[in-house]
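Structures are listed in the sections that come next.
Across the two complexes that follow, chain A remains constant while its partner is chain B and subsequently chain C.
== the complex of A and B ==
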């Protein structure tokens, strides 16, 4: 009897264990299967956002962050992508190329992101792009560097939401030659960004019949510029400057002291003064000078409904400052790129019916197939023309004059003004 | 004899452990560990100079960059195959560290720090000024197809891990041998009392110069390996912060300990990685943690282990 009880007990125990194990297995497997089925329809699309929260790019990063939050909120309010919500996974890269590559790797292998997005500084793009290519992770940069279109990167790296420095600079040549003068002296930082301006602008300007009288390179460690200004030839008609970094206010102030009231025409890039209040002491010298703007910081009289809605969504007032703090100046000339890039990711995913990482190659192909994009809520800066071979977009550029403490647009280039010959065909690279 | 067994056990534990970790860790953490091993080689190089010889350099980014650019420019501009470019990268760091050591060792203490810092700053500016070839701050991407030795594709995750492991193991084995050798003990003697070593008849200057060259070469090896394994070289790696990193790694891990550089590099990497997930002010967390560690573990992680429990730790 005792044996029977023992037997029954053991059998019962084994049976119970077996049932329990089966139940556990079922609960682990079936919901898993069901979850997989549901994944395509309800799991969020995860976008890894490589953001410059610290380091030299922090001011840009802050506004790229706000723009991205705004566009994702809008996309989600419109029903997401393929009916799935978009989730941003943001990681600071410290504006450092080594950390940038680590962040891309983290998106791919730790957070299981579908795509990565949002990098601005060129050296971080260069540092991160090889890993994106190796991990077969679509990498949508918002950098304006010429790196993508130059062919230096790979098929997984695209720049569909912002124009590149080569097209921007080349499009300035005709305006300067026709309106400001034919003899230019260039002042630029002595590193790659400045060298791009030096090389592309001088070629474009000379093609217009202009002359570059002097090219003055400023070492990046420089904090005072007085010894460089005497190098500007006396017959200079236009000073072209593209200084960036914290010393820019000193640069403008010292340039003002050097020229006094009789200055030549001056043309600069807004990169110098992004996130800088134009009412800052010393900048009054810039009154009457001209700037390239990627997107006009100040709302214009004929402002488009799209730009007005974009400002409202991101929280930017008509002067390009935060609606909650008039001293918090945006990086308006660049940050639209995050907005437009997110809409391109959405359009690409919807075009290829993106379901998950296995469709990444299809997503790239879908974006490569894009071409003309109309001025719209998806592209509030203006119409674009994407070149699928070079993975680079082209668009209108704005030239503004500093008048009465604000920037007024005086010229808008056509898209055709910004085009140049293809330097690469990424579609020939295999996945 | 007992000490020899303990050392052997520790070395085996480190090397077998690192190899085994690849099969245990997730893809993300295995990728991190590959990076950590390469930067630990950099820190081991720094440790030879700082931890064992007592020379505090603020210019090691120059040696790292010499290897980085020695390899990258060879491959990018001259189309030299990766294996030979790796040798050229190492050669570049030997030459650069030899020259820097020759001049910098004419100074001592704070002046030595400043001179090494200035050399590194000059190197950084030279990279920017040679932008036509180096692409300055933007840097150079090495095409994936070129990053292979023979038929071994070094951009593959598994290959990369074990390539990093191999270099780490070689550097670790070399350092283990060096610090136990007569030469290594002389370096420690110089660190402890330079005048006494000189009075005993050692050519202190020569020993220190060789230590600089060994240190610079290991740093350059790390730089060349980084470019080869991750496919990028840029001027950022020549900036001051990349001279500070190995100092931090060594201080945190334990200066003058063999395992310290690996521990310090891993600790710093994950401190930043974890803290950045918690708050955007992660550098504050990192800073407070580093201050706390410096206050409460002044000998670093391995240094404290040796002081408290493992007196035999090499």
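== the complex of A and C ==
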């Protein structure tokens, strides 16, 4: 094993390897893995990591990179995939779709990668996926976009490690209707992102017998919101907000000033405040309000051993901040997707005894054959149910309440709450 | 499976783009322009009383203008009197050795670009070029002067290539009006176009080809034109550094140039000969490009080119708007500046009808007075990126091949952007940036006034000549502070 570790992951730092190995040792969930024997070929499995290093996705890219390094170190410490070490080839896509396509091509033609992985921003996924299909390069995205399950992409594109926005938003309807109120006013930015929330949520909420009183669309360039708040009907029981952009803190502050001590219930998405310190001025108004979280930023009282080990491996403390800087808040609600996706790649490759690029189609089929994935070290965010036809995974969603400057989970949806009818069957597409 | 309402099939504009929050939380982890959008701290900046700070900054600039109009004629010149000394450094052999070392480092970096880590934040070539060199060393040049004279990677090779010792020493000062630098101007515009509009200026291999190509072209140029002409007329890097070197409070030159001294930043500029028209425009373009580098990230600019700032689709979607904007901004700046100079001359001639100062003379002299603003923009604009990327640079120096080595003994090294995610530190950073911008404008005003006094030899004529430029400076101060305070989205 010592020799095995020595050979693997040449692009991984020894320090991270040590952390990964430590995490393995700390976990009791991996019996027998340390006794792995090396396969005949010790050439690394090359994973092309399409990472948003620059551009507007860079904040996410930093944490996706950190998570990916940690999970690869851990997988390598466990013996790699099919006895072969995993090597990450990270290429910056500039959070740009055209560059994204170039990067996928580089993975296939220059770096001889086995698979590509890691894209977050939807427009980059859209720009890259067609090229991945043409090159017959498995493309595992970690994007949350509904693009995969919508049928807009191709058989080579999969999203097995993170749930999509449609299931997230729709799963909020029952909780809000049952616990917060039946009359909702929505405030959202006036473009596609906000429109998705408007459409998905209003449909799901009305199916629960609720009413959308008002839909307040805010122009994307707006930086002051005081003139919009009077549009909120007086009988509003819940304000549903999904504001994003640099003016979010201003939005929260002005909303607090508008409502004062008597406010309706307020529900938002953590996307608005991902990687933002919740102790920031103005955010105290959020006390008592609710957020959807992809993965709870704050370690909970009954925290799972898997989440604890995940935090340790990535270097994140119990508040979701870097262990070396309490003000450096991670993108905790999203980055677990890299971890889980990498383990799914591993599981898929082991299931089809992946040997090289000729087995790429077999790898796709192996992943398509997956279904339930238990809450485990491979899936620290929670159990998943993968839909091989739509190439999209489904999982638990978390609803947290802002209390005393932190987020406490008050409700966890079932996987069933998040399901919706298939819109595509990729397995019918040829390779 | 529970049925939801039938949803329209998603298309690119109908999906959640999970990373939108990066516009709040994001940080720029690269020097490439889109990455320079300092979005992470923008949420906090919008909560600061930036209007009050901006008013205070403008008040300082206006107060400077009023003081100069009322103080005695020589006041500005006295401020820039430097403590001078005769340099004992000959430095030629030493500087050649240092330069050869810099050459070796550059070649190693180019090799790293081609064969090293693909991640631009783990590859020392992009980190060195865009962070350590373009931010770090350029900033040092403006403080200590002559830094590039020592680190220029062509200087040492030039000694062997040109075969003419008199051509070897890289000029540490801009030479007189007979030295034109139009080729350098074109190359500089190309350099900025690469930085602002190219789809992947950070890509290690792409950058290695560009830097390597420029390295070879420089060697050919040095051989063909001689080192002196190459560094004076063609090499834009040398010209940028020479111009910013003017601003250094401390100048330690070689024995030959004998310009060692210490004084108020910009003192050396007042002692310089009149530059050529091309060098003058070069100085203006330095400011124009730097200004546009800030403008192009703002909600305001994105609105003009029809881009939703919360839905930025990447640099490839705005290549032409960026290029057109950059050229337009520079044309506008040169045009407005020329108009101010012309109008100032008209006003001055009312006070002193028989002055021999010509428009071109005044234009060329005064253009260099904008260098402090350009330098202030440079430092202020890049400071946050530098603070982040220098952490990556240290990690990359410790592990240049990204193979797990740790030459510097860093241990587990996590890059942090926490200081951009905290109200207190963001306020300190913003005020620092604003202070640098205001100081740059004050220096420009002082220098401009000093040059006017020297040229017109008549206080009222000098003051009159500065009235249009004073308005220009006040407006530019507002622009600079507005850029710092504006929401950005690209």
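Here is the rule we use: the second predicted complex is superposed on the first by the 391 of 431 C-alpha atoms of A that agree within 3 Å, B and C clash if a C-alpha of one lies under 4 Å from a C-alpha of the other, contacts with A are read in each partner's own complex, and residues count from 1 in each chain.
Here is the rule we go by: a contact is a pair of C-beta atoms (placed from the backbone, for glycine too) under 8 Å apart; a residue touches a chain by one contact, two chains touch by 3 or more.
For clarity, every value in this text was computed on a predicted model and none was experimentally measured.
Partners chain B and chain C clash in the overlay (superposition on chain A).
Legend: residue contacts after superposition of the two complexes on their common chain; A:151 is shown touching chain C, with no touch to chain B.
In the superposed model, A:105 makes contact with chain B only, not with chain C.
In the superposition on chain A, contact is made by A:249 with chain C only, not with chain B. Looking at the shared chain after the overlay, A:85 reaches neither chain B nor chain C. In the overlay built on the shared chain, the residue A:405 is in contact with neither chain B nor chain C.
Contacts of A:221 after superposition: both chain B and chain C are touched. Measured by the number of chain A residues touched, the leading partner among chain B and chain C is C.
Once the two complexes are overlaid on the shared chain, A:97 sits against chain B and chain C alike.
Of the two partner chains, neither chain B nor chain C is touched by A:174. By the document's definition of touching, both partners, chain B and chain C, reach A:195.
On chain A, the surface patch touched by chain B in one complex and by chain C in the other comprises residues 53-54, 91-92, 96-99, 102, 122-123, 126-127, 145, 147, 152, 191-193, 195, 220-221.
Note for the complex: chain C touches chain A at residues 1-30, 32, 34-35, 37, 39-40, 42-47, 117-122, 199-200, 202-203, 299, 302-303, 308-317, 399, 402-404, 406, 411-419, 421-423, 425, 487-490.
Listed in rising order, the residues of chain A touching chain C in the complex are 10-17, 19, 51-62, 65-66, 89-92, 94-99, 102, 111, 120-124, 126-127, 143-147, 150-152, 164-166, 168-170, 189, 191-193, 195-197, 199-200, 203-204, 207, 220-221, 223, 244-250, 253, 270-277, 280-282, 315, 321-329, 331, 334, 416-417, 419-423.
The part of chain B that touches chain A in the complex is made up of residues 26-28, 31-32, 35, 121, 125, 128-129, 131-132, 135-142, 144, 155, 157, 230-232, 234-237, 272-273, 276-277, 280, 282-283. Of all residues in chain A, only 53-54, 91-92, 96-99, 101-102, 105-106, 109-110, 122-123, 126-127, 129-131, 133-134, 145, 147, 152-154, 190-193, 195, 219-221 touch chain B in the complex they form.
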